[in-house]
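Letters A, B and C mark the chains in the order given here, with residues in each chain numbered from 1 onward.
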Amino acid sequence: MSATTESVLLRLDDISLSFKGVKAITSISFAVKTGEICALIGPNGAGKSSLLNVINGVYQAQSGSFSYAGQTRRRMRPHQAAERGIARTFQNIALFKGMSVLDNVLTGRNLKRRSSWVEQMLRLGRAPREDDEQRRHAEKVIEFLRIHPWRHVLVGKLPYGLQKRVELARALAAEPKLLLLDEPMAGMNAEEKGEMSQFIRDINREFGTTVVLIEHDIGVVMGLCDHVVVLDYGRKIGDGTPEQVRANPEVIAAYLGTRRTRTERH
Amino acid sequence: MLYREAGQLSTTYAPQRRTFRLRQGRVGLWLLLGFAFIAVPLLGNDYWFSAILVPLLVLSLAGLGLNLLTGYAGQLSLGSAAFMAVGAFAAYNLQLRVPGLPLLVSFALGGIIAALVAVLFGLPSLRIKGFYLLVATLAAQFVVEWVLTRFSWFTNDNASGVITSPPLLIAGLDFSSPRGRYLLTLAVVVALFWLGKNLVRSELGRNWMAVRDMDTAAAVIGIRLFKAKLLAFAISGFYLGVAGSLWAFAYLGTVEPHGFDLSRSFQVLFIIIIGGLGSVLGNFLGAAFIVLFPILLANVFGLLPTGLIDSGQLENIQKMLFGALIIAFLIKEPEGLARLWQRFRQRARVWPLRY
Amino acid sequence: MEFFFEVLIGGLLAGVMYSLVAIGFVLIYKASGVFNFAQGAMVLFAALTFVSLLERGFPFAWAFIATLASMVVLALLVEKMVLRPLVNRPPIILFMATLGLSYMIEGLAQFLWGAQVHGLELGIADEPLEIRGMLLSQFDLFAAGTAATLVIALSLLFNKTRVGLSLRAVADDPLASLAVGIRLPRIWALVWAVAGFVGLVAGLLWGARLGVQFSLSLVVLKALPVLIIGGFSSIGGAIVGGLIIGAAEKLAEIYLGPIIGSGIENWVPYVLALLFLLVRPAGLFGERAIERV
């Protein structure tokens, strides 16, 4: 199954990243097709979050390049990534704790604004109409993720699971082409994970959003994703469909240990 | 029972955008404005105008200015008084040297100049965060104070370094009487508060709060930190500049650069701490507290038998109580008086029930 | 050329005095993460108490001990009534609490002892010493010597004693320190007491120089640029920072002053610190905060 250039949304070419001499990512290349759900899996510390940060512009890779929507770059600033339709959630929830759910989701739409602050201050011109428009869009997302009962609640007061959903809502509100999710189901129980998987699948199906997510639960990954990339110690050790990856001996060794280790434990 | 929302449902978003969503709130506001604009000038006496209402209004405006920068945008500043000074002295010089310039235009231009100075000293906020930013605003405070004292051009070469207020004439009407000063101040403050309220509920206000709460995340969702921070300094500077002009001309009548010293900056900071960071109403409440507390204390002392406590000690006792109150506020209600008011309103909404 | 060195050394010695105040800040910041704005007020309180006791006939040593005791009591009260209730709040709240605290302590000091200026004689001759053709103030040299001794003593405390180890642990991670059994309230009280002691020494030296009066508490404001340059959590940095600020201030006053105008020493330290921050946001010795997203 080769990816034709038109259908590839994101391609990483030989990306390497190091922090003060410590290599976080070494020569990683893979491609994500438009409209697919791709999972990045691997043991802790394998460099998955760092990889997302590179795509998103938070970190700058030392070498290699990546192409997104046809344009090739080595580095991209965070707000450029946002302008080009990349949205993301974070491992440790990066919500604005002093604002309500609705306000947080509305901030996700800040790039869709056309009226200036002066117009908004004087409540003139396009501003009131735009306010309503943005509110409508935000409400759509809020209802889609079923967080409307809490729309005016201060985000800092919500339980963890709901906060994760609000962060997803904020990312979704930007109508992104590419959604990067960093452990969206961390800390959830089986029922919540099922719900979140359903949301992600719905987002992918209804809006056609391409999703790259980092996830530890293999069951979720197998059921949800079309494409899996496996990282270990900053290197790619697997790349393919869930079935292909599951059968990959290197992946098995990284996750489960080799046969000998297992029998030795008895 | 009275303060209920029953029956006030909206089918469009427009009513929700209003400043006061409940009809009771709107009615209350109009009543208050009517009281302030009509009843008070008729009923009030000169003492109340000059010593209480005018400084209260001006300080609440200054508080709002600082609150926009510190409470909403999260940029800590101890330079408020410097920006007030710039506004005051700029307006003074404009009135003095540009013949025929309307008073309100001078105020506005003074505010704009203050905004520019604020942006200049706010540039470091692009590299420095949080606590360290204090140094930039402290630098502003001391540099401005020094510049205004050193170059006598600003004080029109007045030997004592003091400037006096130009005549408060607007459209031919004289506002120099205490009642007039009160009305002038009230009008300016109400107008700027309305604009400020719209601002904090707008996209810019949300962007500010995002920068305050987590600026890396804000950048990631596309907010331009540069623009947001500098706009915060500029708009805050404008508000403080206008407040400075009012302070010098509508309240004191004469002012020297040292009237806008560091302790004034602290005063404005205390107003927003006590009133509530990130609140518009809080600035009124905080300013009211700052203005009324010393008076209240002096009156209480007057009631005590004479000789019990030396009157010279009044100031020290005031300082101690003030400091203690600030600490108590921070412990018990860090979101200030505004939060207390909000809690009261929430209980009023469901009264006579409990929840 | 000698004049330049004279000015320079004079500035350096003045800078040592700034360092003394800054060290008090560093101690508290290191142990509790709080920028104690009330340090200036504490310096004033110490100086006023000491001077007033002297004036009432207490001998030097007793006055010193009594003042020290009152500083310790103050520290314990502060820990119990201000720090403990605010233990989990964001740093800005703590900073503002210390603002309130400084008001309280200032008011208290003047309530107890009055607001007049007191002269303070420490028994050091004020005649200038002549070294290599330069005139140096004996007093400043004494101050420098005292500061040096203090720094050595503090370094020994932090690095060679068990208490010092606890202090460093708390500075690094209060929660982890709790986990290994360190009694946080005690450590905090101890740190504030030590800071009080440093404040007392600083207060005495500054008081002897300027006279003990209200403006003493404004010295704290000069400490901020010192801390910015030297970093908030390093004693060595406070020394270096103080030296730099002291020298820069004096040099600017003497050499730039006649050109630009008098009084520039009021803002030179801040502008200097500001420029410094633009280049090195964490100070010379401070730690860079790494934000993990």
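The definition used in the following text is that a contact is a pair of C-beta atoms (placed from the backbone, for glycine too) under 8 Å apart; a residue touches a chain by one contact, two chains touch by 3 or more.
Bear in mind that the values here come from a model prediction, so they are computed numbers and not experimental data.
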Chain pair whose interface holds the most contacting C-beta pairs: B-C
Farthest-lying chain, centroid of Cα atoms versus that of chain A: C
Rounded Å distance, chain A centre to chain C centre (Cα mean): 48
Euclidean distance of C-alpha centroids - chain A vs chain B, Å: 42
Between chain B and chain C, centroid-to-centroid distance (C-alpha), Å: 33
Contacts with 2+ other chains: residues of chain B: 216-217
Residues of chain C engaged with two or more neighbouring chains: 293
In chain A, residues with contacts to at least two other chains: 58, 90, 94
Contact set on chain A toward chain B in their complex: 56-58, 78-79, 81-83, 87-88, 90, 94-99, 103, 106-108, 110-111, 113, 115, 117, 120-123, 127-128, 131-132, 135-136, 170-171, 174
Chain B residues touching chain A - in the complex, by the definition given at the top: 12-14, 16-17, 195, 198-199, 202-204, 206-207, 209-210, 212-214, 216-224, 231, 278
Chain B residues within the chain C interface of the complex: 76, 124, 127-132, 134-136, 138-139, 142-143, 145-146, 149-151, 216-217, 262, 266, 269-270, 273, 312-313, 315-320, 322-327, 330-331, 334
Chain B partner contacts - residues on chain C that touch it in the complex: 35, 81-82, 85-86, 89, 91-93, 95-97, 99-108, 110-111, 115, 221, 224-225, 228, 260-264, 266-267, 270-271, 273-274, 277-278, 281, 291, 293
